[in-house]
Structures are given as structure tokens and as C-alpha cells.
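One chain, chain A, links the two complexes that follow: it is found with chain B in the first and with chain C in the second.
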Partner chain A sequence: MPVRYPDHSTNLADARWKLHTTRKQILIWLAWLLGISLFLLCWKQISDNTMWVFVEDAPRQGADLISRMLPPEWSYAHLLWKPLWDTITIATLGTLLGIAMAFPCAFLAARNTTPHGLIRSAALMVIVSSRSINSLIWAMLLVTILGPGILAGIIAIALRSIGFVGKLLYEAIEEIHPTPVEAIAATGASRMQVMSYGVLPQVMPAFAGISIYRWDINIRESTVLGLVGAGGIGLQLNAAINTLAWDKVSIIFILIFATVLVSEYISAKVRKAFI
Partner chain B sequence: MNQQERLAAAEQGLWKPLPLIRDARYRWLLIIAAVVYLLLAVISIDVNWARVAEGLSRGMNFIAAFASPDFTSRGGDILDGLIESLTMTLTSTVIGILLAIPVGIGAARNIAPLPVYLFCRSIIAISRTFQEVIIAILFVVMFGFGPLAGMITLAFATIGFMAKLLAEDIEDIDARQVEAIRATGARWLQLMNYAVQPQVMPRLIGLSMYRLDINFRESAVIGIVGAGGIGATLNTSLSRYEYETAAAILLIIIGIVMATEYISSHVRKWVQ
Partner chain C sequence: MLTLTDLTKRYSTGDRALTQVSLHIPEGQVVALIGPSGAGKSTLIRCVNRLVEPTEGRITLSNTELTSLSSRQLRCARRRMGMIFQEYALIDRLTVMENVLSGYLGYTGFWRSFLRRYPQPVVSEAFRLLQRVGLEPFIDKRADELSGGQRQRVGIARALLQSPEILLVDEPTASLDPKTSRQIMRLIKELCAERRLAAIINIHDVALAQLFADRIIGLRAGEIVFDGLPDQLDAEILTRIYGEEDWNTAAEPEAEIESDLEAVDTRVQTDAAGLKRSVPAVGAV
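Moving on to the complex of A and B:
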């Protein structure tokens, strides 16, 4: 019987190299067809809900917006230092509060340190719900409960940070080396002593890195919390947009841009020092 | 304390764990600075405790609403918002990734010339610094209210995210394979297709799934500033104090995020 090559030719000279078998090729083709149809369906849905007259107008609107933003009203900047300080306060205190809550949560959620499977699922549930809901939504809820102000912002940032720090920390805990833990346990250490001398030193660098990274993200997020009334520079941004004072908006943007760059620089430096 | 002193102390039972920062002066300076900053920060919070006390009962109402979420009385609005959010998520992720690939290739130092590199890096920096919500405000002004502004916002944010990670990935690839393909006399496009693309593809797919997940979460937020999606529905229900509806929307968001996370972890396992 002659040898048959994947493309059904019987002669080696006629056989052509192909990346996939025919079956796989059809499957890939079908996947592409499905994906593209889904995309077009979604696009149609969006297109139906869009006023295309406004879109045709977009370049003119954009040019108009830029002309209104320039030049920035520099004299407004001195009124922004207090809101900027508030923004940084929200991010920092929120991160600290979030870390304080995420820390025990992560230990309860890690497979190797959790006291019980049921507690583990409860801790995972807390982490997932916190991660799913954006800090702006948390802020919206908290402003209706606590009233507008920095406190709502701090708690919103903290609630959102639990999920982020908790998830990355519990993954770090699950990846630790078991031998130091066993060695500490073999000396007759109690459960808490095993945690603090066997587990904690191993995850400390990761924990510090994750926390400072989250702080950096939180600076970025706290700049917009004011849009729903939760304090910080977002309040000024909201006021400037509502009064169509685009020259003030542009100065706020410049300030936010500078703050985020500085915080990103600090975070990168500190993370490099730890890891 | 040097190593010998530490060992001697340890033999007398005076062992202490190593401090996180080795230099003692630096350590104390940092601690004092942190304490001073925290005091200043805490002092600068002014809380209206009367308002908080008044709001606590409302807070309890809200938590109670999670026990009896109301999916039906605004069912139509929720469904519309949800469909809008999901379509926005999908289209923006696809468009964003398609645009992110050239930017990412341009931002990889090992294959792009310096001017292209700087240009692409600045696109990434601008897209990453500003929160989605801020970008959404500008696009709503330009394109009018509705899901199109939201889609463009999310696509823009996706470019920064994907291009940065893709560029880092391309910078980390094995240079020998590129060399080998180049030695066969391949053109630039063939080089990309046969030397670079196979090396970054698994991670690119993983990142795309992750970004899909992020875009859905963000699409729930940008509705607050008028860019369509479930966020608008949520905002309305909260300002009407319809906590049961708000709770239902939040539960739906959590459910969908959990589902996409589950699917994306499976897809990532499958491609790697």
C-alpha cells in the first residue's frame, strides 16, 4: 500500500507541507467565521444606537474643544493644591485600609494557610466581589450612604483594593516554598508562629510590591472619584466641565498627568528596591 | 549589625528577624516621614458625623436590598444596558487589539527604529495615564451620548494596555529565531509572521481575554458620564434610591465578571 501524506497525495514529491490538518483548518475557519459574525452583530447593535449626525460633526467638535482648552488658565492652578492633596490622601489612606483588610483575607483564601475549605470559599467570594466592582461604583454607593466627602472616597478605594491585593497576595502565598514552613513547624511552633516566621518572610517582598503597585493605580482612580462627589480633584473637574470652563479642565488634566507620572516613577523605584 | 554579631546574638537566644530595610538611619527616617504624613492626612479629613449617622440606616437598607434583589420591575432597562455593555465590550476589545498590534510592534526597541519607538511609546503613555472615565468625558463631548463614545473610549484604553504588554513581550523574544528566519532572506513582513508572531501569540491571546474582562468592568463605569451601558442604568437606579434594582445590577455584574474570569482562565490554559 502506498504511503499517504496528509494532503492525500501518494507521491512524496507532490506532497506539500501544511501547518494544520484539514480538520483543524476547517475548525479554525469556523471559529473565525463565528467570531467575525459576532463582532459584526455587536457593531450593528452599536451603530443602531448611534446618532451618526453627531459623529460626522466629531472632527469639528474636537477642534473646537482643543481651541477652548488652549491656553490653560494657569491662574486657576493655585486653587487646586488642596484638592490634589485630598486626592493623594484618598489614595494613600484607602490603600492602607484596603491592605489591612486584604491581608487576613489572603491568608484565609490561600489553599495552604486556610483553616477550612468553607472559610476559603467565603474569602474568595469577598475577593471576587471586591474585584468585580469598580471603585467609582463603590464611591457612588458610599456617597449615597455616607454623604459626599473624602471619607466615602477612602472607603471606596479601600473596598476595591481588597480584591486586587487579596488575589495577588493569596497567589503568592500558594507559591511559597514548603520547606521553611515545615522546618518552623518541626520546632514545635504554634500556628501563628509558623505564619509569622515561616510564611510571612517569604511573601513580604511580593506583598510590598503589590501594595505599592496598587497605591499607584489608586492615585489614578482617586482622580475621578470626585465626579460622583467623593472628594479630591475630580470635584473641581466636574465643576469645570459642568460650567464648560475647558481652559480650567485642561489645567486639571495637566496636573493629573504630572501626578500620575510621579506616582508611577515612585512605584517603579520602590518595587525595584524590593524585588 | 553584621553577620557575625547576628550569629552570636542568635546563639544567646536573642535572634531577631532581618529588618526589611537594612540601613537603620534610612529606616527610621522613612518611618518618621510616614507617621508625620499619616497624621497630616488624617487631620485633613473632615467628616460630617451627623450626616454619616443619618446615612447609616440607608446603608443598612442597601445591604438588606442584596437579600431581595429586584430583577423584574426595571427588567427592560437592565437588559438594554447589559446588551449595550456587552456589545461595547466585544467591539472595543477587537478594535483595540487590532490597533494595539502595530503600536506594540512599533514600541518594541529591538525591531523598531528610534523615531517610531518614541512615537508609539508616547501614544501608550497618554492612553495609560488617564482614567477611562476622563477619556470618556472627552469622547462623549465629541461623539455625543451613547455606546459609540463608550466603545471608542474602551478601544483607546485597550491600545495603551495591550501595546505596552505586547511591546515588552516582543522585547523579550528569543533573538536567535529572528536571526534564523532573517538568514533565509525573509522580508520584514515574513519576519514578523514567522519569527515574532509565533513567540508572542499565546501570551497575546491570554492578555486579550484578560482585557475583555477589564473592558466589561470598565463599561459598567463609563455609563456614569453618559457613554452608554449598564453604568447608566445603575446610576439612575441609585439616584432614585431604588436599592433593590441597584443590588440586582451589581449582582449581575459580579456574576458576569466571575463567568468571564472562569472562561478566560480556561482559554489561557488551553493556548499555553
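Moving on to the complex of A and C:
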């Protein structure tokens, strides 16, 4: 940024160039120093609060746990198909419900498609409140309201998904090319027609990608909803851990792992098809 | 047919894009609007269909005063003005046919257009237009699979499906190669003649403007500084529109590249520090 001529020279060949001024350079060094000191301070704090005897014991405890998990009790698996199916149902229906609510929300929240500033604030409010609460907490609240079961799980997943899908989708809407929208408006199209012809085709790939990604996340999240009684395989997981039946825990882990793997594969395929 | 009276546009930043522009365009006249970047050419044509809201003044299209229309009335008025864009402004992910049919949106309801159920006469007209602009084989291709010239033809067909009275054309050739540019300009010119359409064409290329327009309007800093016939354009008028420049080398009809380069060479001098600086041409006219 600063160009200097040493020794009062005005010859271009003597001109010197640096990216930062000296002042800015010192500030950058100070910022690094502060950051590293803070990191070391936190390290010390955590280390002081750790009971190192337990940590030293960790490898033995870990090995013990694994030995109890092996071999997995395969015969238990046939009791798990139903809860596993519930888990997938919760994730899929919850995602669909969430998308259905997030879709209009995103159009109301995007700066270039919202009908009014106040409506935009309201839509953003919905998105932020949905995002700020974890689905496990939504599930806890809903189990107290609706009673335990799949329904509470589905709604918990849906409520959490609104914020995720809504936020990413409204950002995608704000990034579209404005000229095709202008062109559609110039034909005399109504507001809704401008949305369906000018905006929607442009955000469709993003929308498909976001939705499938959220479904993928929801499969994983719905496996733990059972911990608070909102249905799915988490219920069995909780029971197995509470009874110290580690060989059952391990078979549940294996099933969850396989399910996530399959969902990952499906979402990769679908995403490819849409883009 | 189209009349602008004292049209003024000030942007909220305080920039005056247009100052008291008045002009009248009769039916069937093709007008080229030339001028330096930032002279207000785009603002002018966008004021006509109110993609940009004019600050003051009146715009009348065949007895309809456009500046005071409600949004529903504006929708109807926009159907009568077809617009063609520099970057084509097509919907990339839709097919050529869908893009052309979107020109009919102003006449149809939401669900009909959403479900792509257009009346048969409109579809037939779209087929005819696609044939006219030479895109028949590409009807089911996606718009982003086409070349620049083909895309602009889709843009033209879309504008014509509105059955407009006037075409508003914003830099139709700025993204195209010279040959395609001429073809596109010729196509626009022919279609205007076939349908007795008026057109305002923003264009940077003065030679193309002279070749294809009936009338040339020069805009500079938001004001009309020239309004006349294409063959009236000379170095003096170009200087009035664009500012000082050696117009004679550029205005030679078949200037050879080599002689052009020589002309540049003589104006380049080498200074003491070893830096090359081009000395501004003196005595342009």
C-alpha cells in the first residue's frame, strides 16, 4: 500500500512498496500475540480442572468397555427393525414437514423477494428461534406437551429443520441473478409469476441440495431422540445403556452406522441428479 | 406513439441519471440510443417500462400515461413493451420453449403458467416465432446449452410473443462477436419492419447503430445532445456525445489494422525513466 521514495529521490526505480504500513504490521503482530496467549491460558485452566488420575486410567477403561461390547448380541437385532424403521420415518416425515414450512419462510425472509420489511423481520425471527434450539431440546419440550412417541419426534425434527433449510434457502435466493427476474417482470408477469419463473428455477438446485443434506443430518439426529422418549432407536439405546447391556449397545451402534452410511449414499446420488 | 416529456431520474444516492429528457418516437421507427457508459441510456429505457421509477416527467405510450399507473394497470402496459437484454436474461434452467412462452405471462393466470398449460394459439405462435428466428431444432434444449447468438434469439422471440407495440433493447450485441452482432441487429431491424414495431436500442457500437437505425439519439450525462439521422454523425457530433478523441482513425469505414497500428505507434513515445506513456492525440477533428 505505501509507496516510499528513500533519500528524497523521485526516481521511479527507487520506489519501495510494502503491503502494510508499519503501524498496521505491528497491530497484526499484537493480535497474533493476544490470540496465542489466550489459547495457552485456556489450556492451563482446563488442565487444572482435569482429574488426571482418571485420564491415566482411560485406556484400561476403554479397553474394558470394548471387551464388554464384543461380541455384539446379534440375536437382539430382530427386535431393532421396528425402532429403526421409526427412526427413518421420523427423519423423513420431519424433514418433509420442515421443508414445507421453511419454503415460504425463506421467500418472506429474502431481501429481494419479501413483500415488506416487517414481514421479513418476522420470518427471520422464526428462522433464528428454530435454529437456536437443538432438536433434542425441541423433543424434550414436545414429549411433555404431546406425550412420548413418534409424533413428538417428527415435529421436533421439523421445527429444527425450518431454521436450517430456511436460512440456507433465503441466502440462495438473495444470491440469484437479478436480470432474469427483471426480464420476467418486464413481460407484465404478476408477483407470483415472477417468483415461479424468475426466482424458483434459479434456486431449485440449491433447494434440492439443502433439503437432502438436512434429511441426511436428520437421520443422525433422530437416532438420539429416543433418549428423551420421542420414539425411534434411541429408546432402545437408552434402555441398553441403563442396564449396562454393552453387547446390545454395540449392535445398536452398528445398525445406526449402517443406516447413516446408506443415507449418505442416497443423498450423494440425489444431489448429483439435481445439479 | 411513445412520447417522453421532461423525464428526469435522480437516484437515491443523488446521482442525476436523466435530466428533462423529451422525445417522440413514431410508429415503426427504430431509434439507436448512443452515448458513453453512465450517460443514462439503460436508465432511460428502464424508465419506460418502469423497472426504474422515474422521478419527474411523463411517459405516454399510445395515449396511456405510464408514470401514474397502478400495479395492475402497469402489468397490462408492460405487455405492450417487449424488452431485450444485454446478457439475454433468460432463465437458464428452463427450456427454450418455456423461455419463449414466458413472454405470455402478462396475459395468463398463475396456475396456468405454473403448470405450463398455455393456450394452443399461443403455443403455435411460439413455434412460428422460433422458426422465424431460426431456433426450431433447439425447442427442447435448456437455455444454458445455447450459444450467445442463439440465446439472444430466444430473448427476441420471448419479447415478440408479448405482441408488443415497441421493443426496448438494452445493449443487444455487447456480449456477442462482430458477425453475430450484425446478424442480431439485422434480425431486430427486419422484425420491426415486418410488424411495424418501434424500437429503442441502446448500443455502444456506433457503426452498427448507423447501419441499422432510422434515427440516432446521442445521450451525454443524462441529456440529449444529438438527435438526427445516421448519416449526420460526424467527428464533431461524436465529440459532442462522447468527448474529445481522434475520431478520424476510428471513423474510417474500412480502416486496415496495420495502418491503425502505425498510427498508434507514432503517438507512443519513450520517456527517460523507460516508461511508455501514450501522448494524448491532439487536434482530433
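Heads up, the rule we're going with is that the second predicted complex is superposed on the first by the 218 of 275 C-alpha atoms of A that agree within 3 Å, B and C clash if a C-alpha of one lies under 4 Å from a C-alpha of the other, contacts with A are read in each partner's own complex, and residues count from 1 in each chain.
What we mean here is this: contacts are C-beta pairs under 8 Å (C-beta built on N, C-alpha and C of every residue); 3 or more make two chains touch, one makes a residue touch a chain.
Everything quoted here is computed from the prediction, not taken from an experiment.
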item: Partner chain in contact with A:197 - chain B first, chain C second, else both or neither; value: both
item: More chain A residues in contact - chain B or chain C; value: B
item: Which of chain B and chain C A:241 touches, first, second, both or neither; value: first
item: Partner chain(s) touched by A:185 [first = chain B, second = chain C, both, neither]; value: second
item: First, second, both or neither for A:97, with chain B first and chain C second; value: neither
item: First (chain B), second (chain C), both or neither touched by A:77; value: neither
item: Doubly contacted residues of chain A, that is, touched by chain B and again by chain C; value: 197, 201, 204
item: Complex interface listing, chain B residues touching chain A; value: 17, 20, 37-38, 41-42, 44-48, 51-52, 54-56, 58-59, 62, 83-84, 86-88, 90-91, 94, 129-131, 133-134, 137-138, 141-144, 146-148, 151, 217-218, 220-221, 224-225, 228, 231, 234-235, 238, 241, 246, 250, 253-254, 257-258, 261
item: Chain A-facing residues of chain C, complex; value: 49, 51, 74-79, 81, 83, 85, 87, 89-94, 102-107, 110, 113-114, 155, 158, 162, 168, 273, 275
item: Chain B partner contacts - residues on chain A that touch it in the complex; value: 38-39, 42-43, 45-47, 49-51, 54-55, 58, 61-62, 65, 85-86, 89, 92-93, 96, 128-129, 131-134, 136-137, 140-141, 144-147, 149-151, 154, 197, 201, 204, 208, 220-221, 223-224, 227-228, 237, 241, 253, 256-257, 260-261
item: Touching residues (chain side chain A, partner chain C) in the complex; value: 11-13, 179-180, 182-190, 192-193, 196-198, 201-202, 204-205
